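By written order: A, B and C. Residues from 1 in each chain.
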Amino acid sequence: MANIVLDKLGKRFPNGFEAVKDLSLEIEEAELLVLVGPSGCGKTTALRMIAGLEDISSGDLYIGGKRVNDVLERDRDIAMVFQNYALYPHMTVAQNIAFSLKLAKRPKSEIQQRVQETAQLLGLEELLDRRPKQLSGGQRQRVAMGRAIIREPQVFLMDEPLSNLDAQLRVHMRGEIEAIQKRLGVTTVYVTHDQIEAMTMGDRVAVLRSGELQQVDAPTHVYDHPTNLFVAGFIGSPPMNLARGTIEGRDGGQIVRMGSSAIPIPAEVVHERKLDTWAGREVIVGIRPEDIEGPPENGRDDDPVTIEATIDRVEALGADILGFFTIDAAPVKSEAIAEATGGGLEEVSLITREGTPFCATFEPRSGLRRGDRVDVTIDVRRLHFFDPESENAIGP
Amino acid sequence: MRKIRRWGPGLLLVSPSILLVAIFVYGLIGWNAKVSLSDWRQAQQTSGFDTSAYGELFPSGVGELGDYAGAVITGKQSDTLSTDPAWIIDLHHALLFTLAFVLGTLFIGATLAFLLDKGVKGEGFFRAIYLFPMAVSFIAAGVVWRWLMNPAPGDRSTGFNLLFDKLGIGFLANDWYLGPTWGAAALAIPAMWALSGYIMALYLAGFRGVPEELREAARMDGASEWRVYRHVVFPHLRPVTLAALIILGHISIKVFDLIVAIGGKQLITQTPAVYMWILIYDARDYAKGAAIATLLLIGISVLIIPYLVYTIRSERET
Amino acid sequence: MSSTSVAVDRTVGLRRRKQAQARVVKYAALLFAAVVVLLPVYVLLVASFKGAGEADPSRAWALPQAWTLDAWREAWNGDQYGLFPYLKNSLKLVIPATIISTIVGSLNGFVLSRWRFPGADLVFLFLLFGMFIPYQAVMIPLTQIFIDVDFPEGIPRLAFAHIVYGIPITTLIFRSYYATIPEDLIEAARMDRAGMLRTYWSVVLPISAPAFVVTAIWQFTSIWNDFLFAVFIVTDPASWPVTVALNNTTGSLVTPYNVQMAAALIASLPTLIVYILLGRYFMRGLMAGALKG
């Protein structure tokens, strides 16, 4: 097992395009690190540089403490699972898995035994004599994994291995891959564009945008403390609600004024993030949909902060109800957000109201309907604040 | 590029081919060009630099240019021209042949593809028939076509002339490839027979490469079937026509087997490629033979090189 | 019925009739073209089965009154015109030349598309241009080189020439075909620690069958039907391949025309058989050679 160190890794293609810029990351032994980001963010290029399938333009790559920039891919002791599986079409499942061992001239008995073990690990015993075209997508995916696992390499690289599978199968395979990785304890770099996969699978998540690293941390930390607007908008589904507001002082404390709403900020939040230095200035306010709820129950002893909302649209998901309403605060126009959410927030809204669309989660049996006027509760301890110019989070 | 270890073996594997082509294509072409500029006119090889071979093939001055062009176009010699009269005739024949062959084959091939495009019963059967001439050598084909285009009239008529007579259209009988004016064009007929199927295959692939959705969208927008062809399908075929023109043009310049099979070494069917053969084998005029070969090569290069570059570039873009 | 539906019926009927008419015209044209294309075959067959007595030109289009194989026998191994020894020469030429040039093309095509090196595209263009030169231009120096290095005379020289000048087209066909292999398949082999030759042998070659068939058929046909190379390179008549022998037989005015036709058929038989049995691969070779623009 080995650790991987990327030291200011960069990739510039012959046509001038810089896919990866100054990427520095340290991946611990036996860790599963997820590289996540929208299409074109450079995650696959970075993965291929680690594999040795792309030349490194600048920076250094270390595997197991050894600098491997000039080492050929075959000598790096790395196994890779490709997005489209890349199974050898004319070989059986057993032959596909055994291929690397055959090339290494291992004795037949050893190859047979290891193929059996690997097949058992992945539930492929019945399929060993089939050809790839006779297999389903999920089965092919497992064969691709088997081919990688049997090599017992220092590092696994996985390039969006689940993106070609049906949604239900994907959920199932996520767990399988994670279990196998934990069991084998091999350092793994996993690339995906699906932020749910990133959140559920990684020991740590590294968010990339346009070739640059935005944040790398444990999933919950990235979720709760995004370092900038892009990460905030990218991680989390449905995405974080964002609006423009101004910090104002009132009654000895601070509030944030969004449109006609004045939302008090708890003192500890002000203190933690030094929001008093922001008094009078414009900020971007963020709050996740699950941190906005329906009307407060009677008999609560804290002072719940509510906003009046008229529901424009309802999405009943079964486990939740999403309610969409508009607040009269100025919307956030940011390229980062457009990129992070695939352009959703910038689209023309069919509801001709001024303001910013917001989303909140409601109890599934609340019977919420379009047109309802409700007081939504905002969990002010979970407010996020961002500097409108730098788009960085305001905070510790 | 630092990773020589990776791509080195590839280069090594291809290097014998590179070497062989460098010698036997480019090297020999160079040698040929050198000979064309020498005075190796008879069996004795001397080593002087001499452009007399080219001199006999080109007009000697701008003044002669008009006469030269006129003679080539009309096939009538001009006494004032100082160039090789056989060469003028060859060029004239080549011109006629090329026009007839290229235009004829394009038209027939495109038409056949157009008829087959929508799918007909027995399409495979028709396609197999139209393509089969590609499997036959020009020599074997020449045997039949020489007989079919036999110019003998009346009682001794045979081939097409006889057929026309029997079908009551005897007035169509003519001298075919021995005809003094249009003989070279008649030679294009077997060539058309041989190549139309290929052009048809090209166009058929072109027609079928038009996504059905485009045609459907046009129909939904109210276009008649003819309009669909004109505005959606035909523009798609421009690259095919370009490829076909290039391929046919280059074949036309090179054509040798067919002419020899039908007309042998007669002047009345001679083209530059055949003349070159005669000069080298019979007259042993190596410099002139090489000069003609060089001119053929230049003619082909003008067609092919831009086309190759264009193809590789558009391949890179996709 | 209302007047609108009558009008609609009339236009529908009119359109149907027009479509039917168009279809008739279409089939008629296609059939006419087919007849024209097959005309030479008819002539060849009919003439080849006629005896010496039916050589009268005025009977040229009629079926034989007395079907006979005399012309065939004469053309096959008759003392004067027999093609049999020349068929053997052609076979000795075509088989090794096809095999070798196909293998070379496969290796080249693989490297130039899937195991590239800097300048691979330029090398490809460099090789490709060789396909378009007028071969007459290089025949003389080529024969001179053969003499200078004392290359074994006759068929071996011809085979060598076909292999060398076949490099462009065979490389083209394989390169086009291998371009359809997904790159990640090759990358997976590389990650499995396969080198270039290993990747070719274990991963690429097993899925190359269609390209091999297409190239082999194309080369077989081109080499069998070639006249230009043979007439320049093979000087000893005993070593002539069948195309040169055929031209010699049929060029002479003395040869009876039923024998000429039979000879032409015999000379064309192998390529025709290949075409009939494997025609669709033939088509694919044509398309690859077209440099689709």
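In this text, a residue touches a chain if its C-beta (ideal position, glycine included) is under 8 Å from a C-beta of that chain, and two chains touch if they have at least 3 such contacts.
All figures in this text were calculated on a predicted structure; none of them were measured in a lab.
Counting only chain pairs that touch, give me the topology of the graph as line, ring, star, complete or other.
complete
Between A-C and B-C, which chain pair shares more contacting C-beta pairs?
If we tally the contacting C-beta pairs, B-C comes out ahead.
With chain centres taken as the means of their Cα atoms, state the distance from subunit A to subunit B in Å.
The answer is 61 Å.
Taking the mean of the CA coordinates per chain, how far is subunit A from subunit C in Å?
Between these chains, centre-to-centre, one finds 57 Å.
Report the inter-centroid distance (CA atoms only) between subunit B and subunit C in whole Å.
Inter-chain centre distance comes to 17 Å.
Mark out which residues of subunit C touch at least two other chains, giving numbers and ranges.
195 - these are the residues of subunit C that touch more than one other chain.
Provide the residue numbers of subunit C that touch subunit B in the complex, in ascending order.
26-27, 29-30, 33-34, 36-40, 43-44, 57-58, 60-61, 104, 107-108, 111-112, 115-118, 120-121, 123-130, 132-142, 164-165, 167-168, 171, 195-197, 221, 224-228, 243, 246-247, 250-251, 257, 260-261, 263-265, 267-268, 271-272, 274-275, 279, 282-283, 286-287, 290-293
What part of subunit B is in contact with subunit C in the complex they form?
Where subunit B meets subunit C, its residues are 1, 7-11, 13-14, 17-18, 20-21, 24-25, 28-29, 31-32, 35, 108, 111-112, 115-116, 120, 126-145, 147-148, 150, 152, 155-159, 162-163, 166, 193, 197-198, 201-202, 205, 239-240, 242-243, 247, 250, 253-254, 256-257, 260-261, 264, 273, 276-277, 280, 286, 289-290, 293-294, 296-297, 300-301, 304-305, 307-312, 314, 316.
Of all residues in subunit B, which touch subunit A in the complex?
2-3, 5-6
Taking the touch rule as given, give the residues of subunit A at its contact with subunit B in the complex, in rising order.
55, 70, 72
Which subunit C residues qualify as touching subunit A in the complex?
182, 184-185, 187-195, 198, 202-203, 206-207
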